[in-house]
């Protein structure tokens, strides 16, 4: 059993002539972050909206919200990406479909869309749980004070809900970054794809994957540290009990 | 646009897709679930052990695995496995490891980390007094685990374990990147061959959706039943 | 001959000292009641006897074997000391019969028929034969605690430890459990009992140990403890608890 290690490989030029292998890996990391962050923003906005709608009184709205979540939760992310990439443009009117297909960075936009919808369903689950975790007395108190439903959500329920679900949101944030690697199947040259390409050109498979692994670990660490700071920043003094209740429910 | 939809290609291929592709996917899912739960439970016991070295080792493994994209992990094992095989058997050349075995080992080692976290929560949900009662009766650590703690933890966590298995079932689609003959890979091969991407991927999406939705409804029902049974 | 010998044991949780050089002994056939305010260390003390709580200093001998010695076969020693817990700790996933039999089978190596027979005999003794096929969750607290006593007795213990056996029970169920315990005491079982039930202590205890802040403050005969406790702390405790 022999494997020829060559850690110097990172400083050799990659055949796509954009720079060293190390540089292309970092280029990949940039795409990973860009894709993950964009999809995360989309998921946060959509997920919060859908999650909130699933807790309102109107049963039709709740059912629509539930259907949305089931739709995006019950198909593998890979299949969803294929749907957005191969199927959706074909179903659009011809002109629009062609325009979409010829969009620059179309695999990037597809990945953001697919990951955004996929992750939004999971965020919606958390947001719903966060709202539900609050005692009914909170809503009653807000109503008794004369707040409208919208005001109750905006000023009472949601601010606490988001604090409660910060830990699961942190792992969803990490998930969206990791899941962006699936986009290599539709041609996005993100971090894993670059490592794979480096392996194909240089045959230094373990160096390439080790580097990618370290970069992912660093990315995760950065997210965890950021979210911890955020948690501390938004922490409500003297409030821990309800958080434990949510943690126990999971 | 539906007028162009070619149902014929599905009629021609659905048997191959389901009985070969989907069955392969289900096999990998079932075996990985079994292996993953066993290994994951061991990891959970290590994490909760009072032996700091064991506990750190398990925590490090679980946290590292959970930080990596499954796609990267699949690649890692795909390329690493021949070398590990050579090391285990003492061969001088990297040996060929079957694609099925390679995928299976990857999923067991990867999913075990997620099952581990579930079982850890399950074990911690059993009051300390239960284990104490076992020790007081003269049970050893392994007897306390096997007879008292794990059966209860497993029962409490069954819905969550099954939900994770639905995720695993979806994750198996990623063997597409190493061209294993799973449901998605077969469908995409036919799609390319016949130039029928829309039909094939819509069909795949529908099948996944129906299977996962059905399973998650079963889990939901189980959850309510368990919740009733404990009260 | 002392069945349980506790010799100068100390225990810390971090920097907090839970037990301070406690010493006492329980002779064969003796019933010793341990009482004291909550947080006094009495529950911790009784759990050290079968090493459910580790200690940092001192020694405990049960039937001559050192409990905290790493060479001692702890599961075997524990199987000879019955224990009854505050929260019963029946195994909720097993039927009453299984609860009674499992340790006999797995620890003592008895075969199934033998274990079930022995278990059911003791279940009959605590008056619950009719419930043998039920699950713990289907029984009342008092019934569960009686099953727990039967489970411990099925192991043919040389001594029994009771850790606040009635404090999680509704008042109307306390007596059914105490009755079983009184009967046991009268039959000559060696017992160490952490409890606030002073009526029980008056009826069957040989000695009473009073603990406060991790120390054994009094270790007297029952008569002396109830008629003229030596310490101010014990007097205060007694006056409070007897008001109820």
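Which chain is which? They are A, B and C, in the order written, and residues in each are numbered from 1.
Following the convention adopted for this analysis, a contact is a pair of C-beta atoms (placed from the backbone, for glycine too) under 8 Å apart; a residue touches a chain by one contact, two chains touch by 3 or more.
Being a predicted model, the structure only gives us computed values, none of them experimental.
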Chain pair bearing the highest count of C-beta contacts: A-B
From the C-alpha centres, identify the chain that is farthest from subunit C. A
Whole-Å separation of chain centres (CA-atom averages), subunit A against subunit C: 54
Any idea how many Å lie between the Cα centroids of subunit B and subunit C? 45
Distance from the mean Cα position of subunit B to that of subunit A, given in whole angstrom: 21
So subunit C residues touching two or more other chains come to none
The subunit C residues in contact with subunit B across the complex are 47, 50, 52, 75-83, 85-87, 89-93, 102-103, 106-108, 137, 148, 151-152, 155, 161
Spell out the part of subunit A that touches subunit B in their complex, as residue ranges. 1-3, 70-71, 73-80, 82-83, 86-87, 90-91, 174, 178-182, 184-185, 192, 195-196, 199, 205-206, 209, 212-213, 216-217, 220, 250
Spell out the residues on subunit B that touch subunit C in their complex, using ranges where they run on. 127, 129-130, 132-140, 143, 147-148, 151-152, 155, 230
Give the list of subunit B residues in touch with subunit A in this complex. 1, 64, 67-72, 75-76, 79-80, 83, 86-87, 91-94, 121, 170-171, 173-174, 176-177, 184, 188, 191, 197-198, 201-202, 204-205, 208-209, 212-213, 216
